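Working notes for the structure below.
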Amino acid sequence: MIIPFSSPPTLSSASRFGEDVSEGEDFYMNDGEDFEAERATITSPGESITSARAFMRGHGTYVDSDEVVASVAGIIERVNKLVTVRALRTRYNPEVGDLVIGRITEVRIVALACAIENNERRKVQPRRWKVDANARQDAVLMLSSVNLPGGVQRRKLESDELQMRSFFEEGDLLVAEVQAFFADGAMSLHTRSLKYGKLRNGQLVSVPPILIRRLKSHFCSLPSGVDLILGLNGYIWISKHVQDNEKEGEEGFDAEAVYSNQNDDIDDATRTAIARVSNIIRVLASRSVPITDAIVLEAYEWAVERDSDAKDLLLGDVADALIAAVTTKDELTEQW
Amino acid sequence: MPVVLPGEVIQTQHKTIKLGPGLQQISNPEEKTAMTVTRAGTLEQNAKGNQFWVEGNSRRYVPAAQEPVIGIVSARQGEGWRVDIGYAHQASLDGLAFEGASRRNRPNLKVNSLVYARVSLAHKDMEPELECFDAQTRKAEGFGELKGGFLVRCSLKMSRNLLNPNYFLLPLLGSRFPLDTALGTNGRVWISAKEVKQIIVAARCIEAADPDGGGMDQNAIKKFISTLDL
Amino acid sequence: MSSRIEILNEGGFRSDGRRQYELREMTFDSTAQAGADGSARVAHGLTEVLVSVFGPREARVRAQTLHDRASIHVEATIAPFSSTSDRRRRGRGDKRTLELAATIKATFEPVVQTSLYPRSQIDIFVHVLQQDGGVLQASINATTVALVNAGVPLADYVCAVTGGVHAAAPMLDLTSLEENDLPHVTVASMPRSGHLTLVSMETRLHVDRFEEILRLAGEAGPVIHKEMRAVVRQRTKDLLDGMGKGLRESNPAEAMIEDE
Amino acid sequence: MRPPSPSIPEKDFFFSALDQALRLDGRDFLEARPHSLSFGAELGHVECSLGKTRVLAQVDAKMVRPEPQRPFEGLISIHCELSPMASTEYEPGRQSDEEIALARMLDKIFRRSDTIDREALCILAGERVWHLRIAIHALADAGGLLDCASLACAAALRHFRRPDVEVVGANEVIVHPPALRAPVPLALHHTPYCITFACYRAAPEPSAAAAKGAGAGTVAGQTETAPRVLLDPAGLEHRLAQGMLHLALTPQRELAVVHKAGGLPLAPGVLMGAVQVAARRARELEAWLDVRVREDWVRKKVEVR
């Protein structure tokens, strides 16, 4: 069986996952022995995994005296001859096409002499934003990778360069897609779609990136007027629901709405709903439960049913009850 | 060769003279060519007597146009590189100042690689500039990246000695084993030979013969080589 | 004044009731600081150190960016309330604090696989909360666990232990009472190879005694490693258990990927 | 300006020479550079050189009031100065990291290891003690500055003599000029010598040449796959070292300081091998230093006691 790379680690049996692992000897794959895909094997730095002659080392491993050795604590994964160790807590590792949420850290309008001051290996790159996206380096958003007011097809003018801050300024949150990588591994983002762009009318919750999986759609609408954007980098945006017709329309793309820094009016009920969803996500993350639209919805219904206050969700016993409620059902349905 | 000190005034009969390092022209009402010394050392002149310079034992290199130097690439800068040549400031080397270089096809120098280059611009108020070809012919003429071998650092005096074809050391070494050298005037000498041992011998001989170090003469060096493991 | 205290009594017990080679109880807490990428609070007896790790992340100081690997930045603080004998507020420029930070940086630089993260920065913040001997030892062990928790790739664990000699009798894991009186050595080893990354001694000791301590510390390394490894594995297991609970939701996702 | 790091050819050549068990200056792995001492006109003024590295050390003493919590102990302070004179790598003004590290190490070697009998520096309890001030000036740094500085410091402490004093009555102190009464040498418990090793990863494939080198002069316990350990690294050896090990030992085989912070991990056996080498060298340095100091005392017509 091939374990999909991007999928969560061997979940089919994670609950069965034996006590022997924590106390046992180093797990060692023999050359002929088939890797047991059903069992999540925990390893930690410095532990030998397998022979380097028969297997290739992947992420999270290194080769020392003919052995593949783990360099992070996590679970061993194998695809054919490639052995990797996946850490359960780490920074976001971007892939092209990922949907991420980021925060602008720097606006670089003219990159005078930037190459000189920091031995820049890249070529001089003017007109770009730098975006913190929970990765090991800040992402880059080029002026050419955003939609500008006045239609998608509009050409960039020099005046646009000068008013970059009127589109995004330091501290602004945005949702974007990973477009490509630079030679040094930094990612480049784009917001050239009506789905992407500046975020407002809500709040950000940050969770470990491993808890967000690739879904069909990372934009979800919950009943009670809350929108959810699950960034693959672990940043989650919870906001007031926006009517679809409000964002549609080629010509209706106006700078006012897209790059506005002003929140709409949000009524109390929506505010409560946003707070409730946020706290649900915090609770799920604290128990390391993967976050999907379905589980959030289920937890939300549970919370509404119990009619508990949004803030009470964070209390230990309520949180435990919530986790129990959304996860016990899973075990019943585990067969399929 | 008279020893001169800063501030001394030297006069010559020649109408047109060239001044080297350590000398400065002074305006002279009597229509005689005069110069003042800015550095302590010995005053040297060429055979014709129309070129003057002061030979000193200073350690800090000051670039002068057309001098060959050995630099260490310290960073990439736009289309070129910044190069350490032992001067107080970094020099810049344009990516197009190489034989056969074009916008599409530029040499790929890594940070910390060695280049043998010529000073193309040395002005007291500007950053020095280097080139790795002859600007007229656009031929490399031996300049370019130095690969392999070893870099020996010596005094400025020693590097000028080595550039003198009559100096004994390089022919002496060459008679023992074949070696390639690139001589910079900035107190850096690059040596390459077949064996690691030979390079070490050459490096130790340069150090031993350096007037600022061992200061050995030809006979002493000969004896010294015979004690080394070759 | 401290010399009147019996370091090792005739029954072979130390002032806190331990035997010569007995280590103090170690406790590890990996949930100490939620805001960090990884953190660990490690206690060896009454010595307690909190370490938070941030990164690898965008380098904050451009001038210190390295083009071929991540730079490691360590900042140590010793809480003024951490010691009973020396309630000093130590500023940023305090020599002892700077030395602690420099030692931790030097110890972990060759262990962290920094070449995987060019131009990034890894920040390690060390807070000494309580001191009762073995501050360096606790700081190194806490840093190791914090780095592992942050998912930073390491060649191996670094396990540190302090050893001392009392009248030709070697002992391990000294308290500050013992540290004041005895020559002591801090040794950090890497269990995979058994090699030593850090050896630090500041008091006079005969070569033969030193060799004995070195050997003992070499034996203590794996003991500490076992503890740290168990803690790390337990944490990994806990996280994994949580992820297993999202099982039902994961299946459609997996199916989707297989569709592609 | 930060000095440029060694160029790629320098680095490659250094390691290929190391693979053939060759050092750039022709030394064996465990051979130190030649050292020499010269004494100034005053007692306690010493200039020490180790290869091209040169350090000046000067000891002087003055009378001060002791610290209230230690009324019976004299004061000792060590001051280091690394000016751009020593190397272009040092900047004027601000204390550099190297300077702090050097001062810390010297402090550990000479002050914390109880080299000097502090109680012997007491003249009148709670009233008058000697304050020893050791000033270290780096004149030229070509690697191994710490070794050279500690040797200079040790020589200066051994060479120095303080004026003889006499306490008359309750609290009157008479200082005898050197002409009338011979000055008194310092009471030293021992003299530590700092010895530095540089460590490099083992050769990728042990060649015949490396095996030959292993026989000639390597640390005991060093097998072909063990890291290579060089005594007294100079210049490039210093800058390209993958790990440094500083040991301070007394000639009586007592370790005063062991300092190996990070760098290449070493097997305990290799470390102990280095300690044994250092112990031998400390004994040699002690014998040499003793002779040199006595020679100078004789030359200066100081009464030797």
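Labels A, B, C and D are assigned to the chains in the order they are written; within every chain, residues are numbered from 1.
The criterion applied here is as follows: a residue touches a chain if its C-beta (ideal position, glycine included) is under 8 Å from a C-beta of that chain, and two chains touch if they have at least 3 such contacts.
Being a predicted model, the structure only gives us computed values, none of them experimental.
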>> As a test of understanding: of all chains, whose mean C-alpha position lies farthest from that of subunit B?
In response: A
> Any idea whether A-C or B-D has more C-beta pairs in contact?
Replying inline: A-C
> Using the mean of all protein Cα atoms as the middle point, what chain has its own Cα mean nearest that point?
Replying inline: C
> So how far apart, in whole Å, are subunit B and subunit C when each is placed at the average of its C-alpha atoms?
Replying inline: 52
> Just curious, how far off is subunit D from subunit A if you go by their C-alpha centres, in Å?
Replying inline: 55
>> Between subunit A and subunit C, what distance separates the C-alpha centroids? Give it in angstrom.
In response: 31
>> Nearest whole angstrom, what separates the Cα centre of subunit B from the Cα centre of subunit D?
In response: 37
>> Quick check on subunit C: which residues sit in contact with 2+ other chains?
In response: 67, 190
>> Using the touch definition from the top, which residues of subunit B touch two or more other chains?
In response: 74, 111
>> Can you list every residue of subunit D that touches 2 or more other chains, as numbers and ranges?
In response: none
> Which of the residues in subunit C end up touching subunit A in this complex?
Replying inline: 37-38, 55-58, 62-63, 65, 67, 70, 113, 117-120, 148-157, 190-192, 229-230, 232-251, 253-254, 256-258
> Given the complex with subunit C, which residues does subunit A contribute to the contact?
Replying inline: 4, 6-9, 11-12, 14-15, 17, 21-23, 40, 42, 44-46, 60, 62, 64, 69, 71-75, 87-91, 105, 117-119, 121, 130, 132, 136-138, 184-186, 210-211, 213-216, 287-292, 294-295, 323, 326-327, 329-330, 333-334, 336
>> Using the touch definition from the top, list the residues of subunit D that touch subunit B in their complex.
In response: 4-13, 16-17, 20, 22, 24-26
> Within the complex, which stretch of subunit C touches subunit D?
Replying inline: 95, 98-99, 102-103, 105-110, 185, 189-190, 193-208, 210-211, 214-215, 218
> In the complex of these two chains, what residues of subunit D are touching subunit C?
Replying inline: 97, 100-101, 104, 108, 112-114, 190, 242-243, 245, 249-250, 253-268, 271-272, 275-276, 279
